[in-house]
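As structure tokens, the structure follows; a few thoughts come after it.
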Amino acid sequence: MNSIQSKPTVEAPLYISTDDELEIFEAAYFGGLPIMLQGPTGCGKTRFVEHMAHRLGVPLFTISCHEDMTASDLLGRYVLTDGSTEWVDGPLTRAVREGGICYLDEIVEARQDATVAIHSLTDHRRELYLERRGGEKLCAADGFGLVVSYNPGYQSVLKDLKMSTRQRMVAIELGFPGPEVEERILIGSGINPEAASALVRLGVAIRRTSQSGLREVASTRTLISAGKLMIKGLSFKSASLAAIAGPLTDDVELRAGLLALINAYDPSI
Amino acid sequence: MNSIQSKPTVEAPLYISTDDELEIFEAAYFGGLPIMLQGPTGCGKTRFVEHMAHRLGVPLFTISCHEDMTASDLLGRYVLTDGSTEWVDGPLTRAVREGGICYLDEIVEARQDATVAIHSLTDHRRELYLERRGGEKLCAADGFGLVVSYNPGYQSVLKDLKMSTRQRMVAIELGFPGPEVEERILIGSGINPEAASALVRLGVAIRRTSQSGLREVASTRTLISAGKLMIKGLSFKSASLAAIAGPLTDDVELRAGLLALINAYDPSI
Amino acid sequence: MNSIQSKPTVEAPLYISTDDELEIFEAAYFGGLPIMLQGPTGCGKTRFVEHMAHRLGVPLFTISCHEDMTASDLLGRYVLTDGSTEWVDGPLTRAVREGGICYLDEIVEARQDATVAIHSLTDHRRELYLERRGGEKLCAADGFGLVVSYNPGYQSVLKDLKMSTRQRMVAIELGFPGPEVEERILIGSGINPEAASALVRLGVAIRRTSQSGLREVASTRTLISAGKLMIKGLSFKSASLAAIAGPLTDDVELRAGLLALINAYDPSI
Amino acid sequence: MNSIQSKPTVEAPLYISTDDELEIFEAAYFGGLPIMLQGPTGCGKTRFVEHMAHRLGVPLFTISCHEDMTASDLLGRYVLTDGSTEWVDGPLTRAVREGGICYLDEIVEARQDATVAIHSLTDHRRELYLERRGGEKLCAADGFGLVVSYNPGYQSVLKDLKMSTRQRMVAIELGFPGPEVEERILIGSGINPEAASALVRLGVAIRRTSQSGLREVASTRTLISAGKLMIKGLSFKSASLAAIAGPLTDDVELRAGLLALINAYDPSI
Amino acid sequence: MNSIQSKPTVEAPLYISTDDELEIFEAAYFGGLPIMLQGPTGCGKTRFVEHMAHRLGVPLFTISCHEDMTASDLLGRYVLTDGSTEWVDGPLTRAVREGGICYLDEIVEARQDATVAIHSLTDHRRELYLERRGGEKLCAADGFGLVVSYNPGYQSVLKDLKMSTRQRMVAIELGFPGPEVEERILIGSGINPEAASALVRLGVAIRRTSQSGLREVASTRTLISAGKLMIKGLSFKSASLAAIAGPLTDDVELRAGLLALINAYDPSI
Amino acid sequence: MNSIQSKPTVEAPLYISTDDELEIFEAAYFGGLPIMLQGPTGCGKTRFVEHMAHRLGVPLFTISCHEDMTASDLLGRYVLTDGSTEWVDGPLTRAVREGGICYLDEIVEARQDATVAIHSLTDHRRELYLERRGGEKLCAADGFGLVVSYNPGYQSVLKDLKMSTRQRMVAIELGFPGPEVEERILIGSGINPEAASALVRLGVAIRRTSQSGLREVASTRTLISAGKLMIKGLSFKSASLAAIAGPLTDDVELRAGLLALINAYDPSI
């Protein structure tokens, strides 16, 4: 498991709202309801949660779920150190104790015992039970909130969030920002305005052609990566091929199509 | 495993009976017969068991079953603490010793050794055997009762309750409450009467259209969630989209249909 | 694993013979041959073995087999208690040492190493080998007998008793008792004669219609459960729906058919 | 694992040769070649090996293979006893050290690491390597022999003996004995001549009809079981149904056919 | 796991650039972006990374991924040595601490928990979290870089790099070098110019016919192997059959085709 | 795992070369290239490697790979002996340290982590990394060589050697020896010339008919086994049936065909 705890810092991570997602997040958080974020890869789900944790002034515990993750990875375990056994709280337990936001990224990947471990925190009980700690029962501290992310594009017969879990959540759907907002985000990452404008127009064009066989479209993240390569001296074309076209597909024909688009939006041509 | 033990509290959890489920529960409980609750997601199975445990004045041990749950999670295990090994009773063992109700939520998810562990408690023997405790045999204390829940909608070839387990149970079928009762439940959760009425009418409308592709219909729980978001300031539409439509489906067309229903019942239009 | 050891008690468990099963059981037992009980769910296989153990005056070790059961669950294992390691005999080993009957309920569910562990006890050798005990070899004490149960209705390609195991057994087939005997069994369980008669007639009717889609028919056990609910005050209809129809099927049409039968035999109508 | 070691006893187990299997066994044994016994369930493979071990005056180590059996079950392992760790030779290692016959019954069931563990014993090397014992290398003592059994009827795509293992073996095919021999075997088990004759004729008749859907035919073992039930007082019909027809099939029509045969050969009719 | 750490040495490993891969690598490395190398087997991915690590003057940690590799293999684990438990950093952790390049060869083979472990290192966080070390959080030292390799030819439904991982990477595509460069590489490996020229022409010819059923074409590595066999005295034909044709295919017809090509380019004919 | 280490002995194991396999082996060995032996079951791959190790005067470490074999089986592990933990080198590690030949028989059976563990030994690095030994790095001693065997007839979709492994190897293909050579081998095993001649002619005839349904043909090994049975007194027919026909097939018709061939070449008829 890989879990990162971020204490609130002085400056909030940049996040530019595109719809009513801030209002829904706050209404759910203060109403004690868990939140399910939906949206495509790289649209800014992680950054949105970081922004909200900062705005609300609570610590954030981020967990990237994966298919080997079990309840112990969330709750904690006994660790053997220097001959003696010591309990180490998992990130969910810490969020419950300290009143922070626990963010389970791509929850659908986790094993079922991990998913079920959150159930008693998602209804009127708001309790966490640590069986291995001799049955310790924790009531969630004030400020505790639970956020999960879920990419509908990944759902399959084998791996889908159970309806009994989904119906415990408030859904917030995130998409890619509009062109003006996306340009502001790229410029905020240190990319010069002309490059930012060209990259955003390229991204919009790729998203428009997403029916043509690409599994996913160019995310804001890949546009930023291309811009960063340009800062280090690469041309628009080299940077876009390496950071946008290469990650998107291995297919020769699809790459040729992407190259045509890159040439079409290359500001140096 | 995630298990919650609730001691009876002064005030019983609100539960409004809709059929003869209270009488059957009491007849089975006092007749020493285990109970199988059936019904759709979010219809109130957990709340019903909490209500009955309070009414009968016995402690309740709730266990959310999952596919990694084994007999040890129910019966107990040796835990290593401070260098010495200590036996910790599992929730089923505690219920047997203390004479409480043990509630196995979604029992069909558990591994077979867990399901079989309850067999000797469900017939005339009413005994529990702890092999790992050197063969300790426990007779169920007075007041012990066993309740399992089972959602027929989830049954499949791979995961179904064996007939030899089912035939040991008394079945109680729960459904969604009628509109008047459901309105009272929402109002009891702090939602104002006008919103409660609109939400319940929306829920009824969604349930009526359940043939149209939705895997499940709007539960009472999602109606309450929507109402809570309205208390925190969201509009009927925003709240219903986030708490009802979002959790129910990712399908674009089904969402459009749900949005049309939400608009049709929006009291602010 | 869940294993129950019953010492012979003063009074034998009620069992009313319906065929020559007692004679075959005794001939096999005294001839040193293992026994395979066959028959539908709830027809009284467990009770029959309890009855025979009592009649023969030997202790009974019952084991509910399941797909996670291994040879160690039968033979025994080292258990860590208070820092020192101690061997704890499993129920099969205890039966071999003490000369009791070991009853493996639904043996087809157990893992293969468990099934194979009994082979040397089922032929002319009558020996048990405990490899983990440094190769200890046990000759079965006088009085040792092995009984397994097997429900042909459950057999599948994946899970079937191997012919090399079956051919080591003497088969006894059990069915539901005839109506007069079944009524006597219900009355023996405290149910009043009129209710017993109606319930047995209902059971017979359901068994007659078993071609109609039910996976299994109403067992004697479910008729007793219904009678016990009536003792606690439920009507014939409520009791029969909860204890008989509910456990038998989730199918709406099949339930309607069962309801029609229940009404047809309701003594209060 | 279940392994039985038999020291040679005064009297050899009864075995009546039906072909040149004794000569081939001795030629292979003295030529240092491993032996593969083939033949249907209950035709006497185990008894044949016991007979040969007695005749050759060497100890016999019998191992019933199963799908959870690993190399450690054959070679040995460290066992924790009273706080100290002690190596316990597995049965194959003991046979190699003591110069006995190691008989792997149904070897095709074992896991591949167990099958491969015998390879270096089956060619010109005749060595066994105990990696876990710090690389101890054992040369097979004089008198060591390896015998495996293999039922071709069980072979499948998933479980078949690899050709590279088979080609290391000398094959001996065993079948059911002829009627006269089989009668002598039954009489040798204490069954009276008339019953023995009737049972053998019944067995021959069943084997003749084996095309009719039975997975396997009546083995000599089941005929002996039926005879033993008759010694304990059961009739020919009851004994044959319980010991022969019951183990052979659960199919109603096939059972009816077997019953007709039983009646046809019943000496009391 | 098999991981090799190479400290920078005096002389850089020979690498002859064929496109702008050096510029993209450096732009991504200095821009803090992880790199995904793509290209066929044996085209020189490992050597390219070794060359870049030397050029940049940072230590290199190479890990060959495989399907049993877990996060612990990357992050580290407690190892029991001489009775006391000691934490041993895994190669990823060492690269993060020491500011080196961590190269995950064929990352798609690793288990998902290993793949997810790198996520927080691949975005703006650049952090590594060691849960088992009591929650130690490491910020990547200056000089840390992450490189993965990925052979598109191996991708399948079961094993493919998730888009959410890919979109975090900058892609560099490597192919086989052109004939002149490849000849220089062979001569640099000690092969005489005439043999080098013939082998390269053979390699080019095989690559041209790659549509004809070969799963992969002759890599530069196999050409070097053939040349080395010639240095040891084998003929062009023997060396090419053993080092090129043999590894490429077992198919009789495809081998015949390769033999024809070998004869066509044999400088001794 | 089963691993055998052979120190070079005075007399080399008999091996009669049939092609240029000795030259290729030596060129690859002295060129530092790993070797992949290909050929059918029982054609003498193991004996060839033993012969070469003796000829080159280096120790040989043979490992029979199987599907449960992991990297630890090759590299070594900590073993608990007398309370203290001690590292025991695996056979690959010993070969690397001592400069011997490590022979992985049927490498395709091993688990992937075992296969990957050899990668860094097969390219210019020639290093082995022992992560569990605190990161010890071993450079292969002079004389180290790696040989794997691979039977193309066993390859399948599930189990095939990866191209990235194959392309690291020099391939040597072995077949059955010609009749004269094979006769000399049989006579060298103590079989009299007339029997040797008849058995070889039988073998050649069987190999010619291999299209007729046999999965594999008669290997030299089975011819030697038949000859050894004849030395112990069996007839040509009995010996050939037991050592050749029996291991090759269970199919009744194929056996009849083999019997006809045996009769055709029986020198006593």
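Things worth noting here:
Read from first to last, the chains carry the letters A, B, C, D, E and F; within each, the first residue is number 1.
Methods note: a contact is a pair of C-beta atoms (placed from the backbone, for glycine too) under 8 Å apart; a residue touches a chain by one contact, two chains touch by 3 or more.
Remember, it's a predicted structure, so these values are computed and weren't measured experimentally.
In terms of the stated touch criterion, subunit A and subunit B have no partners in common. Shared contact partners of subunit D and subunit E, listed by label: F.
Residue numbering at the subunit D/subunit F interface overlaps only partly, since under half of the positions present are found in both copies. Subunit B and subunit E have centres, each the mean of its CA atoms, that are 53 Å apart. Centre-to-centre separation between subunit C and subunit E, using Cα means, comes to 61 Å.
The touch graph of these protein chains is a ring, one cycle where each chain has exactly two neighbours.
Tracing the ring of inter-chain contacts outward from subunit E, first into subunit F, gives the chain sequence E, F, D, C, B, A.
Considering their complex, residues 20, 23-24, 26-28, 30-33, 36, 38, 70-71, 78, 84-85, 111-113, 115-117, 119-120, 123, 125, 127-129, 131-132, 134-135, 137, 152, 155, 163-164, 166-173 of subunit D touch subunit F. Per the touch definition, subunit C reaches subunit B in the complex via residues 1-5, 41-42, 46, 62, 64-69, 73, 79-83, 86, 88, 90, 106, 109, 151, 215-216, 219, 221-222, 225, 228-229, 231-234, 238-239, 241-243, 245-248, 250.
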